[in-house]
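Both of the next two complexes hold chain A, though its partner changes from chain B to chain C.
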Partner chain A sequence: MNLDRLMQIDRRIIYLFVAAGTILPIIFLLGLPVSTTPPVRMAFERIENQLEKGDVVLVSFDYGPSSAPENDPMADAILRHCFAKGIKVVVIALYPLGGLSEAIEELNKVAAEFPELEYGVDYVNLGYKDGAQAAMRKMNESFKEVFPLDVNGTPFDEIPMMRDIENYGDVKLVATLATGIIGEWWANLVNAQFGLPVIVGPTAVSAPKYYAYLEARQMVGLLGGLKGASEYERLVMDKYPRLAELYATPGLYTATKGMDVQSIVHLIMIAFILFGNLVYFTQKRKPRAAK
Partner chain B sequence: MPGLGTWLAAFFTLCMLSFLYKDNPFFRVAESFFAGLSLGYYIGIVANQTLKPNLVLPLIQDFSANWNLVFAGGLGLMLYFRYIKKVAWVSRWALAVYVGYYVGVNMMQKLHGEVIPQVGDTMLSLSYSGIDTLWNVVMVAGVLSVLVYFYFSAEHKGAVGGISRLGIWFLMVSFGAAFGYTVMGRISLLIGRMVFLVNEWARPLIEAVI
Partner chain C sequence: MRKQIPLLLTFLAGTIPIFAFFVPERHVGLVSTGLDSWLIIVYGFALLLGVVNVVQMNTNKIKRRASGWPYSIVLLAGLVIMGSFGLLGSFDVFGGIATRPDGSSTPFNWLYTNAFLPLQGTMFALLAFFMASASYRAFRARNVEATILLIAALIVMFGRIPFGEMVSKWFPIVTEWIMGKPNMAAQRGIMIGAALGAASMALRVILGIERSYLGIGKGE
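And then the complex of A and B:
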């Protein structure tokens, strides 16, 4: 075999392998097992064991369409968990480029799966607010001053569930699905200064830095990237049979299905890395043998 | 059959992916569309979700209770004075207020939310208490050796050089973990687009044709 030619392989050939490794598992589902890790179990158990029916959770959509494939499944799983447990949800968005669209789309989608729940009584979408840090600080004094209207233009005082929610003191937990730095602000500003427990679902790119906050107990749970989302899905499916049926719906994009693709693509990449190194070192030896 | 929105999304997705073959006009058009749409979206969302409910409506509906918002709105308007050469200096006043506010917020945030809790979490017990002690030793050794690596007032030779090299190893491990996560993140984005193309565009299209 001519190894020189392999060293010069066109990168687009590798793209083709990756494309095939991505598309085929989407069409032919593999159903690979998902194991859970402590950071995700901590997040799940915080909601499952320490919150009760009627408690309020703030869910902040701090990401846009650019990271939706990772953050959407996290948001869906947390919303489904809260709704299945009877927890009231206040949704906000602090990410400018698409946070509100994601909040509307995901909340509407998940709320439609729970027809017994009523908007304004069991959940509410307060919409987007600019200047994330300033909004986060002000919410400690008054939600109403930051969000005088909900996303539909309904005045704060006319939303039944908001009558009992004045500030962070009336909220048991915040779950932020985040890209970029906004997720960090929930940990190093809101948790540090106001003591509100924080679960962060960051994109995989920013997940490593959140382990420092988790270790320092500035967060109570972490869902790192698509893997974290798939673990949370596994936990809610194991606990709630109704949600397990829901997640089995054909055509529904879930992180668990996405992890099938991840596994295949990672295997392809590992194979190329090993192959590249093998060819490289074999080539490196040749001149020495010639000498 | 997929709707117009799906066709548009599929077209622009394929335009963006075409860059993998090589740079081309389709990619550039899609890139420009994305930049323009993002800007338009941002302007619209700030106007509808922040300026209207938090500034305009309170001033119109109850001026006497919200008159102080005039100052906030005024500061925002002052920023645009930079486009009028003669009074461009006015925009700096508003900028000074914004910078001052966020410096104050960030100073406390960094100190209270990062420096103190993170330093506190590094002060770990090294007395023997099982396997945890081993992790505590690794954590303390990692933090100290990386700090030594970034200490440039002493030449990295001898003991300092050795500890610094240990710091490099810790850094390499953390970069490796970060890179692994980054690969997963990028593949996730590809999965999102491929799921859309396969399940929402190609599959209904094939079903409609067949």
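And then the complex of A and C:
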């Protein structure tokens, strides 16, 4: 066997395997089971057990289209959970590259699933504001000064639910779906300085650094990547049968379906890593055996 | 005065929020929150500056026919088209920037959903292919540290998927332990180091020692 050729295998063969591993589970759904982990359960239980109907949660869309496949299911699951429990939601966006569009699309999509809820009374979209850290600090003083209008151009004072919401003191929790550093700012600025509980839903590549904040109790929950989103969907489906029916809708993109793809691709990568090391060690031993 | 005024502004902008954090006096707090409002406005202009910079750089590239100049045309075309529809949409022309009440897409929303979103998703998705190829070629147990890293990576990758738990209930448990203990410790060390570095740099900027942001060097 030519080990040198195996060590320099054409990368297109690897790409082909990854492509097959990505496409086939989308076509032939595996329906793999999802188990939950403590960081996600902490987030779920915070909203489920410590918030009451009528409490206010701030949901911040701090991601753009590049991480939408990971962050959209998190946003949808948290919004559905809040709406199912009767929690009021204030949506904002602090990410310049598409945060506002993501907020509009996801909120409109999920709100349409709850026709009994009314915009301005049960939920509101205050839109995008630049200067993330400055906006975060300013919201502790006044939401109105940061977001004088909502995304539809309605003045702050004319939005019924915002008459009782002045600043962070009137909000029970912030859930940020984040890419990059914005999620860290919620934990190390807003929670550290103003004491507002924070749940962060970062991308999988950013998730490892948030464990430090979770351990330090600067966060009350963590939804890491697509896995975290699928776990939250599982918890929400187990608790709310209505949402379980919704998640079973054919053609609806969910993190649980996405995990089928991620599982297969992970296996392919593990196989290639093990194979690569096997070839490497075999090649290392061969000259010694020849001697 | 060209140097002194910016240095003075930097000093005040840096020290007032610090002072306000430690001194719970109403008037100091008011000045600090006022600065926050100004910062939001300045950020907005920084975005505008970014757009101007991109236009300038790519226009020069096209003029000079530098390597890759056709892509600059594509970039500027995208900027103008998306920017125009976004700007017009903000004045409610074409029905805004989201979907219209009847469910139809505005031009900006159509471009966002059918062009920007798939393209951005594709860029990110390409990483999976590059990672697979790079893992095969570079992820070798060449020494003790690399072997530990390799074993930890394999356990985490396997533990984060349902197959891991199907093989053994210990995979997800060990995965969470790796993420919550050694990974957390390492991340904490990195973050503390980075924060100390950032604090040191901030102090240098506030005190006027670091002046590169003014376009002049130290000691000038």
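By definition in this document, the second predicted complex is superposed on the first by the 287 of 291 C-alpha atoms of A that agree within 3 Å, B and C clash if a C-alpha of one lies under 4 Å from a C-alpha of the other, contacts with A are read in each partner's own complex, and residues count from 1 in each chain.
In this section, contacts are C-beta pairs under 8 Å (C-beta built on N, C-alpha and C of every residue); 3 or more make two chains touch, one makes a residue touch a chain.
Fair warning: this is a prediction, and the values are worked out from it, not measured in the lab.
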Exercise. Of the partners chain B and chain C, which touch A:Ile27 in the superposed model: first, second, both, neither?
Worked result: first
Exercise. Can A:Ile14 be said to touch chain B (first), chain C (second), both, or neither?
Worked result: second
For this session: Look at A:Gly98 in the shared chain and tell me whether it touches chain B only, chain C only, both, or neither; answer first, second, both or neither.
Result: both
Exercise. Thinking of the overlay built on chain A, is A:Ala192 touched by chain B (first), by chain C (second), by both, or by neither?
Worked result: first
For this session: May I ask you to decide whether A:Gln218 touches chain B, chain C, both, or neither, giving the answer as first, second, both or neither?
Result: first
Exercise. Thinking of the overlay built on chain A, is A:Thr37 touched by chain B (first), by chain C (second), by both, or by neither?
Worked result: second
For this session: For A:Pro148, decide between first (touching chain B), second (touching chain C), both and neither.
Result: first
For this session: Could you look at A:Arg5 and tell me whether it touches chain B, chain C, both or neither (first, second, both, neither)?
Result: neither
Exercise. Touching A:Val265 in the superposition: chain B (first), chain C (second), both, neither?
Worked result: both
Seminar exercise, completed: chain A contact set shared between chain B and chain C covers 15, 18-19, 22, 66-69, 96, 98, 100, 129-131, 134, 137, 146, 151, 193, 207-208, 212, 215, 227, 262, 265-266, 269
Problem set entry | Partner chain A, residues of chain C touching it in the complex | 21, 33, 36-37, 39-44, 47, 97-99, 109, 112-113, 116-117, 119-121, 123-125, 128-129, 131-133, 135-137, 139-141, 150, 153-154, 157-158, 160-163, 165, 172, 176, 179-180, 183-184, 187-188, 190-191
Exercise. Which residues, counting only chain A, touch chain C once they are in their complex?
Worked result: 7, 9, 11, 14-15, 17-19, 22, 32-35, 37-38, 64-69, 96, 98, 100-101, 104-105, 108, 129-131, 134-135, 137-138, 141, 145-146, 151, 193, 207-209, 211-212, 214-215, 227, 259, 262-263, 265-270, 272-277, 280-281
Exercise. Can you list the residues on chain A that touch chain B in the complex?
Worked result: 12, 15, 18-19, 22-23, 26-27, 66-70, 96-98, 100, 127-131, 133-134, 137, 146-149, 151, 153, 185, 187-189, 191-193, 203-205, 207-208, 212, 215-218, 224-227, 251, 253, 258, 261-262, 265-266, 269
Exercise. Can you list the chain B residues touching chain A in their complex?
Worked result: 20-21, 38, 41-42, 45-46, 49-50, 53-54, 57-58, 101-102, 105-106, 108-110, 112-114, 117-118, 120-121, 174, 177-178, 181-195, 198-199
